[in-house]
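Next come two complexes built around chain A: one with chain B, the other with chain C.
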Partner chain A sequence: MSQRFRTAAGGRIDRARPLGFSFDGRGMEGFAGDTLASALLANGVHLVGRSFKYHRPRGILAAGSEEPNALVEIDRGAGRRTPNLRATQVELHDGLVARSQNRWPSLAFDAGAVSDRLAPLLPTGFYYKTFLWPPRAWARLYEPLIRRAAGLGRAPDTADPDRYVQCYAHCDVLVIGAGPAGLAAARAAAGSGARVIVCDEGAEFGGSLLAEERARIGGVPAAEWLRDTLARLEAAPETVLLARTTAFGYYAQNMVGLIERVTDHLAAPDPALPRERLWQVRAREVIVAAGSIERPLVFPGNDRPGIMLAGAVQSYVVRYGVRPGRRAVVAAEGDSAYRAALALHAAGVEVAMVADLRDAAEGALPQMARDAGIPVRSGATIVGTAGRLRVRSVTIGFSGGRERVAADLLCMGGGWTPSLHLYSQARGRPRHDPTIGFVPRTPVPGLTCVGACRGVFGLAEMLADGAQAGAAAAMRAGFAASGESWAVEDAPSCECAPPRAPGPGSGRAFVDFQNDVTAKDLRLATREGFRSIEHVKRYTTTGMATDQGKTSNVNALGIVAQAVAAPVEAVGLTTFRPPYTPVSFGALAGVARGALFDPVRTTAIHGWAAAQGALFEDVGAWKRARCFPRAGEDMHVAVARECRTVRETVGLFDASTLGKIEVVGRDAAVFLERMYVNALANLAPGRCRYAVLLGESGFVRDDGIVGRLSADRFHVTTGTGNAALVLGLMEDYSQTEWPELQVWLTSVTEQWAVIAVQGPRAREAIAPLVEDVDLSRQALPHMSVRSCQVCGVAARLFAVSFTGEIGFEINVGADHGLAVWEQVWERVQGLGGAVYGTEAMHVLRAEKGYVIVGQETDGTVTIDDLGLGWAIGRKKQDFVGKRSLSRPDLAAAGRRQLVGLALDDASRLPEEGMQVTAAAQDRTAIGHVTSAYGSGTVGRAVVMALVADGRARMGEIVFVQMTAGAMAARVCDPVLVDPEGARLHG
Partner chain B sequence: MDDRVRGALDGVAPIEAAGVTVSVTPRFDRAVLRGDAAAFGVGLPDQVGSVAERDAGAVLCLGPDEWLALAIPGGAVLRVAGAGAAVDVGHRQTALDITGRLAAALLNAGCPLDLHVTAFPPGSCTRTVCGKAEIVLWRRAAERFHVEVARSYAAYLWAFLAENARGLR
Partner chain C sequence: MLLIPCPFCGPRPEIEFVYGGEAHIARPADPSALDDAAWAAFLHTRSNPRGRHAERWRHLHGCARFFNVVRDTVTDRFAEHEAGG
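Moving on, here comes the complex of A and B:
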């Protein structure tokens, strides 16, 4: 019969909605409201996985996110296979496909379990001690073997087809955890009108109230109080409730990362919905109501399937209507475990014994257990367990001897550890309370811990604590709030068990279930000299698994403290780090993948270029047309043709990405004079100047054209990749150094489409399109600018060249760019011209010896190194970087200077960055290649290089260290085409 | 040649999703105004982050000496008398109109600011980011935002908003 371990009635599951699912291929049934873990238990399945190191059979330990054992793979189809999900958090849906992990060939018979037999050979840190010899075997044999054996689960092997989104949110009060304390806080805060976000990692709000069957709050059953509270919160207009949402990280100034699992629990989710949503919440006040995690007991054989946390058992019985066994033993170190015993008893499970580890069991709950007829024995010790794939019996020691009790369920109640993860991430420093364990000590501004996570246990106390803190947080955020209070009945107080170190026993007592670390391993580490808890942690890997030691850290700490004979508070806690539970990479990436990975900037002419079959290259975020191959042409042929056309007739080029800054104001000329090395104050309106910008260090930062439009208005260009840097630099000087200047800077990079027309017939090409401007070389000489109309729209026409040919750059409003381009193209085409791309532009400028900042320069190149010293205004008192130019090392001999290199073999092309040496065999470079292109015009490679004392080496032979060996090259002038500039001014 | 004007997002159909609609606004003039408010022929708001609506247009105060004038006929706004600068940026940016109950939620997919109506009420403006694009944001009404984005980032922002509009909550 299906679900034979289901109780007859009760629980929060919907018995009218059965759901089919499979585990390791076996079909089973559960109910809506189940987790995978509760549904498996309802079907009598405890064995769900194999452990990491020893491949020991493991079962379900917990009922929440702290689960260390029950890690499963969920398969939602191609690309949607997710490993290492906690079965205790996976919500059941119809058709769910789950598989166990870390076993082969099957869960019940796992070949890897041989490592369990080899355990004596695999002590803690064995990988530091073995595999040392022979040395070469590490890479070839040991590492591949270990890599295959190690790791949990299978990584997905295809792209994730799901969507993930992110959002930012702000609120007055963020409540993390919707148990009794969190809900009381949320109720108080929401009632004040504050903006409240409440999140909880579970599918349902309520926390421990979901497994509460007895208590009454404010005169009504707890479940009814919960219903009423949720209804109020849902009705509060400024309150957002996020179920299935984990607060995984606390970041500076109350920025909290939340991960909302939107669709995993749905059998057929709406395809419009993202799988997960990552929230970045900025909260005025954060209330952490993270609850507490029950500690397992450390005794030999404590890891067999069927050995569970007592609180989890209570939850499975009460919330999910599941009987996790037929005959139970409850090992109690505090009163709370009795609640599990009572719940089991009420559900018809035989409770063979409550073995209380304390000397006496006197509280209200032990009495209730006795009254119910449950045998209670105090002064007990769990000596060991038996059973292979499921616990079969428990051996319990008493002062008078041992008793072996047959049981298929052993509940461990080792006390509760406050969840300090977020508090600790927020830089809170805990203190050690002898009765509770670690609790918050130092205040964190804007963050309040409430309820069990700060050591406040007991339903009435938690509600009061939450209500008070919620009201206080709302008031600090500026709202009038008051906390409610409720009378709580029938919630017997639990004597809290202080954490204590387990006694030494024989056999393996597991502390960290996920990383298979035993008490013995920890003691061994301390014997080997590890005393700091941080070192013990790293050496033994305790607490370093994907669960980050939620169930193990405090136990490990107790064992280490005992072993080194130090108080627990002196040993200290290890650091908690985000994420609280694993976060998928998809959620962290959000929509920033594929086309949205990074913005792709395109010009107004991009579509035209694409239609012409252009090949594009990335320049910063821009896409620039690299060349325009015609049918049958490869890039090499196309670039050669484009270059030839520009030299012989005319070429058309999209220079829109050029950075542009409009510098306006009465003092604009003074400002530019101070920024650039050049003399610019005397630049006449209508004229342009090539200008170089240095940093404070004296090194070249940028170059461009400064065009003066009128007395108080300049149009300045920068390199494509430098636009933001130059504007920022200029703003910095304008605002902080020279605030007295009346000058304002505006980026106009995107305002203007720039259509460059270059070549001997450039003037002829544009003449019919330009209105009211005399284009003759006398009226509009090289380095001039005019505001005019081109093709009937407002334009700024520059007579400038980056090719060495007659050149014009037509600036028109970007929205007009394409239309003007098309008209210019018609003219250029009519003259036999061509459109060219950035590759030809590079070749043409290199033939002419024009530098590109960022290519010829690397941040350590001076203006003199580039041979551009002539640009410096000699009479200028100052400009940015001037003082640095007199630094001895900037003026010293031996600096690398820009030269051309003529390679012996005209057919060879060096690569940029190749080293240059004085002799073929030299190992010390005297320079490096900065640019190298094949050039049809020159008939050999055009090579620019920075070479030590290069200008004094003209005619010398140096060697370029090519991949195939050294290649001789003659040092020459970098200007190879039209050194006199006759073509430029033609 | 107005019939041959091409905006960065010409021809795209509005993004219509549950609770939010995004559309491209018709073209209008823009200018950056810098300097003393008194230097300009148009009355300028003096509170940083505030907007003064002028007929069909608006002036956004983005800094103590910085304004963005939207849809104010160019002649008037570009006239400067005194310590100030006006620069035509009509083609530099593209504008989007985002309306609907989830308009703020859509922007918050990529904008880290608090866009609650009490924190960023109608008539507010600011320079901020959305995803990896810089934007200027002006809240025209509780459920209506005007977004200015640099021309070359418009396609990215559009795709970003379209992707995030799906399944918005």
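Moving on, here comes the complex of A and C:
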């Protein structure tokens, strides 16, 4: 019969809506309102997974996000396989497909369980000490084996087809957690008119109230109070309620990251909906009502399926209408576990015994259990358990001896740990309370902890605490608010169990279930010399699984404190870090995937180049055409042809990516004179100058062309990747150092398309297209600029060259770029010219010894190192970086200077970055290669290098340390083509 | 993510800004008058305090202006926020 372990009635499930699902291929049924965990339990399934290290059979421990064992894979179809989801949080829907993990060939018979037999060989840190010999076997044998054996789920192997969105919100009060304290706070804050956001990781708001069967609030049953409260909050116009939403991280200034699971709980979600929403909420006031987490008890064999947290059992019985067993033993360290015993009893489950670990059990709840006829024994210890795939019996020790009790359910009530995660992430410092454990101590401005997460237990106390804090937060945010108060009846007082260390028993007592860390492992670590809890944590991996030790940290701390004989507060807590529970990569990436992952910049001519079959390279965010191979050409051949065409005829090049800054104003010339090393104040309108920009520390930051269009207007170019840096530097000096100068800086990189025409026939190529400008050498010499019309479009025409040939750069508005390009191309093609890419550009400039900032330089290269000292305006009193040029280290002998290298073997091509040494066998570099290209024009590799005292070494032999061995090279002038500049000025 | 008070645009998220280092480090009017040690101090020596730190930010993706603000390096809180509650 289906759902044999369902109670006859009751619970918050909808018995009128049965849902079919499968687990490891076996079809089962549950009800709407179930989680996968509660539905499995309703079908009598406790065994749901195998543990991480020992492959031990594991069941469902908890009922919430703290679950360390019941991690499953959910398959929602192609590409939608999600591993390691907590079955306790997976909501059931019709057709849900779930699978267990970390087992082969099956969950019940798992070959990996052999590691459980080998456990004595696999103590904590075993991989540091067991598999040392032979050394080579580590990489080849041991590590692959261990890696294969470790780990839980299977990572998805296809792209995620789902959509994720990110949104931002501001509010006055953000309430995290919708249990009694959170709801009371939200009610008080929302009633004041403040903008309130309430989030809870569960599908339903209510927290512990959802499993409350007895208490009355304000004269009505708790469930009715909950209904009324939610109705009020929904009606409040400025209040947003987010269910299935986890506050996973606290960030500076009250920004909280929320992850909202939008569609996973739906059988057939609307395709328009995103799977998840990542919220970044900025709140004036944050109220943390994160509740508390029950601690398991640490005793030998405490990890068998059927051994569960007492609070979880109460939740399964009362909220989900499930009987998690037939015969139960309840191990209680405090009063709250009795609630599970009473709930089980009421649901018809035989409670064989409440084994109270305290010397006496005198509270109201123990009395109620006795009154109900449940056997209660105090002074008990849990000695061990038996059962292979499910607990079968529990051995309990008393002062008089041992007793073995048959049971298929063992409830552990080890006391409650306040959830300090968000408080601690907000840099709150907790203190240790001997009766509760760690609770908040230092105040965090703008953040208030309420209820169980600050150690306030008891329904009446939590409601009062929440209401008071909610009203206070709203008032601090500027609203008139007052907290309500409610009389609470039938909520018996509940003595809280202080955290305490378990006694040393024989057998393996698990502390961290998800990472398979035992009490023995922790004690071993302390014996091996680990004292700091942070070190013990890293060595044993306790608390380092995806559950972040929610159920294990305090138990581990107690054991370590006992082992090192130090008080718990002296040992201290480990650091809490976001995320509280795992967050999917999809949600963090949001829309930043595919084309939006790293947006690409393209020029106006990009489409044309792509149509011509160009190969592209990335330069910063830009796509630049690297070369234009013709049919049958590889890149090498194409680049050689492109270079040859430029040297012999004419080439066309898209230089649009050059950074461009328009510098305008009465003081523009003064400003540039102060920024650049060059004398620019005296630059005549219509002329250009090659200019170098230093940082204040004296090193080269950028170079470019400064063209003066008129007395108060300059067109400045920068390196392709340097545009933003140069503009930022200029703005800094303009705004903060010399605000008295009247100068305005505008980035115009995107506004101008730049069409470079270079080669002996460049003038001839463009002449028919240019209006009203005399292009002759006399009227428009090298390094000139004119505003004019090209192809009928307003243009800035520069006579500049980066190839050593006669050159022009036609700047036209980007919208006209392609049209003008096509007309220029027609001319170039007609003359037998070619289009060339960045690779040919590099070869051509290297043949001329022209540097590229960022290639020849690395941030530690001076203008003199590059041999560009001539650019410095000799009469200038000051410019950015000038003072640094006379610092001892920058003026010292022995600096690496730019030279050319002529390799002995003309067929060899070194790689950029290769080291240069003085002798073939030397191990100390005297320099390195900065650029190296094959050059048909020169007939050998063109190599530029920075070599110590390079200019004094002309003609000397040095060695380039190639992969195949040292290669002799003669130091030479880096300018290899047309050193006199005859071609340039032709 | 910090919320940074731009004096021209109001509080804006950190991603709109670039950091500009310590404030009130003025470039000497005549660098050539400084000896090497004094110039090196101007280039490199910063106070790096634990606590209140006067620093520069530029609202790059907004008004593009530089401005000074005092931030506590321990709490990341800006002085304006403290003054305004």
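One rule holds in what follows: the second predicted complex is superposed on the first by the 906 of 986 C-alpha atoms of A that agree within 3 Å, B and C clash if a C-alpha of one lies under 4 Å from a C-alpha of the other, contacts with A are read in each partner's own complex, and residues count from 1 in each chain.
The criterion applied here is as follows: a contact is a pair of C-beta atoms (placed from the backbone, for glycine too) under 8 Å apart; a residue touches a chain by one contact, two chains touch by 3 or more.
Note that the structure is a prediction, hence the values are computed from the model and not measured.
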Touched partner set for A:Gln253, first chain B, second chain C, both or neither: second
Which superposed partner A:Arg282 touches (first chain B, second chain C, both, neither): both
First, second, both or neither for A:Cys167, with chain B first and chain C second: first
Which superposed partner A:Arg687 touches (first chain B, second chain C, both, neither): neither
Chain B versus chain C as contact partner of A:Arg327, first or second or both or neither: neither
Larger contact residue set on chain A - chain B or chain C: B
Chain B versus chain C as contact partner of A:Glu737, first or second or both or neither: second
Contacts of A:Arg195 with chain B and chain C, given as first, second, both or neither: first
First (chain B), second (chain C), both or neither touched by A:Ala595: first
Shared chain A surface residues [contacts with chain B and with chain C]: 280, 282
Chain B to chain A touching residues, read off their complex: 1, 4-8, 27, 32, 34-35, 65, 83-93, 105, 108-114, 116, 119, 131-133, 150-153, 155-156, 159-160, 163-164, 166-167, 169
Interfacial residue positions of chain A with respect to chain B in the complex: 163, 165-170, 195, 262, 270, 272-274, 277, 280, 282, 591-592, 595-596, 598-604, 621-622, 662, 664-666, 742-744, 746-753, 791-793, 813-819
Chain A-touching residues of chain C, taken from the complex the two chains share: 1-3, 18, 20, 26-27, 30-32, 34, 36, 39-40, 43, 56, 58, 60, 64-66, 75-77, 81
Of chain A, residues touching chain C in the complex: 251-253, 255, 280, 282, 427, 445, 696-697, 728, 731-732, 735-737, 877-878, 882-884, 887-888
